[in-house]
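In the two complexes that follow, chain A is the common piece, with chain B as its partner first and chain C second.
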Partner chain A sequence: MAVEILKEKYRSQVREVVLGATKDEGGTRSATIKVGGESTLPFLHFEGEVPNPPVVAMEVWDIFPEEWPQNLKDAFGDALNDPAAWAKKCVEEFGADLIALRFKGADPDVKDASAEDCIAVLKTVLEAVGVPLIVYGCGKLEKDNAIIGPIGEAAEGENLLLGVAEQENYKSVASAAMAYKHSVIAQSPIDINIAKQLNILISEMSTPLLDRIVIDPTIAALGYGIEYSYSIMERARFGALNGDRMLGMPMIGNVGHEVWSKKETFIPVDEEPGWGDQAERSLAWEAVTAIALLQAGMNILVMRHPQAVKLVKQNIDELMQDNSY
Partner chain B sequence: MGLSGLEIFKQLPKTNCKECGYPTCLAFAMALANGKASLDACPDVTEEAKEALASAAAPPIKMVKVGAGDRVIEMGDETEIFRHDKRFNHPTAVTVEVKDTDDLDARLAVINDLTFERVGQEYSVDMIALVNASGDAGKFKAAAETVKGKTEKNVVLVSEDTAAMEGALDVLAERKPLVYAANKDNFEKMTELAKSKECPLAVKGEDLNSLAELVDKIVALGYKELVLDSGSRETSKVLADLTQIRRLAVRKKFRAFGYPSIAFTSKDDPQEDLMQAGVYLSKYASIVVLKTDKKEHLLPLFSWRANLFTDPQKPAQVQPGLHAIGDADENSPVYCTTNFSLSFYLVEGEVSSTRIPSYILSVDTNGTSVLTAYADNRYTAESIAAAIKSTGLEDKVKHKNIVIPGLVAVLKGSLEDESGWDVTVGPREASGITKFAKEKFA
Partner chain C sequence: MIIIGERINGMFRDIAKAIREKDPTAVQEWAKKQEAMGSGYLDINVGPAVSDRVSAMRWLCEVTQEASKLPLCLDSTDYDAIEAGLEVCKQPAMINSVPAVQEKMDRVFQMASKYNAEVIGLAMSEEGIPKDAESRVALAMELVANCDAHGIPISNLYIDPLVLPCNVGQDHGPEVMETLRQIKLLSDPPPKTVVGLSNISLGTKNRELINRIFAVMAMSNGLDAAIADGCDEELIAAVATARIILNMDIYCDSYVDVFKNQNL
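Showing the complex of A and B:
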């Protein structure tokens, strides 16, 4: 008796978003990256198209990441003192698909770096690597609003993925994207309705931006509420496939940022003998967090540890193998 | 996923005799559909109708047990594809592979020692899978003896050689191990073995079609305590097969796939092994057999399982009480929040990033967030004051100052009266804690 394979027929598909721009397209990237476009749930090639594999962006900061655990710092060595060298290492040695440049130093409580300082760093990183860039501010709204415009302008045409637009604060990021041809991360607090509402607000500013939005559903680390993010993502993707245009964007998750502040990544084994070796545990924590989110439909993973990146990229390669019946 | 009331009604005698305790056959049918009545109550139902209704009313995935006594592990009995629809019932059994060629004393000692405690929950490895890697029946039996003597864990016996299985099963039958596996060549004898010892039997196909055929043959032999393996070992293919097995069972009530499933990792590298296990655990495997026995690998896997199998309709909670962040001492600041896990973790994350050793007092609000708990009278001056007392906070710190969430600033006065502590109103959102702490406590 032959088994009748159950294939779902969805009405729609995830939007395809292009990141970066080559010389012909008005930027300086050596190649662009496409995310999204799938017409089925994660990696179910037997019933739909998954035209673009999920990608991994590695994080680079404008300042030395003092707060990172030692084993994470050791994985990069001296490169952490120089954003350009750091980015180059991520791409050339560790195979990062994109670089996520985080302007931590712009934080008024850290270094209060100016827009000009940030732009100078951005330029050296753009020069050092050919992959598309994601740009994050420092996380303080007022400061980020002040620097995002000048940063967008300085990199006009590069099609950066600019973070982050939120429901109460989306105009400065969306305007920078609109005026200088970039894409936007639309972040909502583990809430599918706000995710949708925010996309509507951004598209009301500019309809063409609809094809340049990436949803950040807000993810939590393994052991810290990841199941909420997982279910919100599954619901959002299900909505997208069933024709909800305002949920049909690719999704991005700040995995490294969430994971590496949790005690499972830094408590040494002599303090928690039951938890095993800290160095191995910490990168496993990041990798398993990413693996789980991939199964809920994550398209862009922003990560930190090179070995975790390697494991996750290999898992993606394996999952991209055709499994048609 | 059962039949609707109307579908059941068609099978009933429609006599409205009231013998069943319901006024009409239709009312009885509705009660049956909701699982509130049993068909036995109907005196006139025909045998055919009984059979039709019984098979339709059976759960889409049968519950199968492995193990004996208080170590029984229940598998299957799932009704959902997505956890946001309804809770997944039975967490994946995490199983570590050992070979009959390993130094078993040493390996079992390591595995026995694999217990973890994290956020008040304890985990340990559920089963070991003993593989007949030697290909020798005598060696497999001797290994089963060692397992019997050296660990109390549940066992999967892995051999497709019926003679080897018979020997090992004789040793371990009382543990009710999972017999792995019946294949197209050995299924008659394997079924007989499993049946005679009343042990669950894994069925191994070469693909989904051959798996379904084999299941039907074994069911025809009168055995239904089964666990499914499509035989695939490549990550992508296993994901597809596990998805089809779950979907066909739940959505189509395809009987041949209405059993729990088992997945084996296929990597030699322990980290890669962990990645595969993570995929299979996420997508429907009732048992995952992996090779790594390192704490640092298994802890994240257990944590993911703990998260995935929570009830999405119940807010996740943390242990209420006093939590020390860093080397908190008698001078450390005290923050107060609820025991809703997301609130707590947000505050915990921000407080630990202040790098100032602190205490967080998590008040039992039954897992509701600050504003909900406030509205519901669970986060009040009284409940916070009571938590200060019951946790012995007054002996832990020598100051009397507590920080409350800015969202409930209104509690300041009443809490000061109630507790005799000075109350500082903190930021409205956890993200403001770093700045707040810098100004107040640095």
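Showing the complex of A and C:
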């Protein structure tokens, strides 16, 4: 007797968001990237469409990343002193689909770099690589609100993915996106209700922004509550596929940022002999965290270690193989 | 629960006048208004006073579709009028309605199959509306069997258990709730369910209150759709809230607005 394969039919699909803009579209990128558009759960090609593969963005800072573990720094060498060279290396040597530029130096407690300083760095990176860019501030609200407008203006038309809008602080980022044609990362603290509400708040400022929002559900590293992130993402996906327009956006996860601050990535083997070699362990920690999130529906992974990126990209290629029958 | 907005009905004076004078203004205003408040379908009924129901139905469907992208629910006992409407519908419509009477089912399910339409089936026969849930469910099963015999997916069938005003047929209330629950056991996938919401409150003094309480009670018993006043703010808010409590929508602070704006 023939076995009938049960297939779920969903009412709706994830929104498709375009990142970057080519010359014809008002930017300077050599190509744009599309994320989202799935009409089924992750990689169930037999059931629906997964038109765009998940992508990997590699993190580049405006300052030398002193706090990174040595094996992570070693992977990039001298390039870490020059954001443009660093970005170029990520794209040309390590196959990054996008660059996530983090203005760590803007932090008043680090270097207090001005908006002009940030813009200068942004311009060199835009010149050095042709891939679309994600831009993060330093993480201190007041400073980020002050620099995000000028940064957005200086890169008008590039369709950067600007981070981050939060429930209590979304207007400056959303305004910059609205005024200068960029996209927005809407970040919520592992809370599906706030994720949805934030999208509503942003869309109330400008309805067309609905198609330019990427949700950051806030992810945790492996061993630090990744299952909470996983279940929030899963719920958002079911919502999206069942017609919830306010949760139907692609998702982004700050994998490198979460993973490389955890002790499993930097404690040397002589302190924890049972944990195994630190270099190998750390990049495995980043890769496995990313791979778990892919299964939950992550569209953009922001990562750090080139070896981990390589493993994840290989996994994406395998997962994107057609499994329809 | 999907709201089938009931306002485009020749029983209302402005719609009757619109049909008579072939002036689409009022029809299109109500179409837009109901769509903007979250209705999922627009009921189209030419009303009792029209001489040529066929051409009136065709006209109503045409002008409504100029103003709204919602699917239509063609509401008439005159199946020629319904067919005229189906011919001009730009997307699959809903036929409202057919009782469990063989020759009527033959005609309606044939049309539904031809036009890929959904069907509202009434749990009543020549003998009228049954008193208890068992008899209602038996008629629902006849509708399911006929629907299936025409190769129409059962999920395209909406069974109406038929509601009587609560001041007249008070004992029908629990039977309707029981029927709603049992209909979901008839097949897999089961048929959907629908009620004419305002029937429950006919002749009472608290119509809107009774309507919305009935709506949320019926929803928790499995009601999928209701022909209702799609502009009743309190009803919309109650339905949106029931959807949250039943875990049909994901909560957020603006959930009522999200429900209302679903067509935007």
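Please note the rule applied: the second predicted complex is superposed on the first by the 325 of 325 C-alpha atoms of A that agree within 3 Å, B and C clash if a C-alpha of one lies under 4 Å from a C-alpha of the other, contacts with A are read in each partner's own complex, and residues count from 1 in each chain.
Criterion: contacts are C-beta pairs under 8 Å (C-beta built on N, C-alpha and C of every residue); 3 or more make two chains touch, one makes a residue touch a chain.
On a predicted model such as this, the values are computed, not experimentally measured, just so you know.
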**Message:** Taking the superposition on A as described, I'd like to know which of chain B and chain C A:K196 touches: first, second, both or neither.
**Reply:** second
**Prompt:** After lining up the shared chain so the two structures overlap, which partner does A:R235 touch, if you call chain B first and chain C second: first, second, both or neither?
**Reply:** both
**Complete:** Of the two partners chain B and chain C, more of chain A gets touched by chain B
**Asked** With the two structures laid over each other on chain A, which partner does A:Y224 touch: chain B (first), chain C (second), both, or neither?
**Response** first
**Asked** Between chain B and chain C, which residues of chain A are contacted by each of them?
**Response** 235
**Prompt:** chain A touches which residues of chain B in the complex?
**Reply:** 82-84, 115-119, 208-209, 211-213, 216, 234-237, 239-240, 243-244, 247-248, 251-252, 254, 256-257, 271-272, 274-276, 278-279, 282-283, 294-301, 303-304, 306-308, 310, 312, 316, 341-342, 345, 349, 352-353, 431, 434-435, 438
**Fill in**
Residue set of chain C touching chain A in the complex reads 249-254, 257-258, 262, 264
**Contact set on chain A toward chain C in their complex** = 192-194, 196-197, 200, 207, 235-236, 239, 243-247
**Prompt:** In their complex, what parts of chain A are in touch with chain B?
**Reply:** 1-6, 43-46, 67, 109, 139, 190, 220, 222-228, 230-231, 234-235, 238, 261-264, 274-278, 280-281, 284-285, 287-289, 291-292, 295, 307, 311-312, 314-315, 318-323, 325
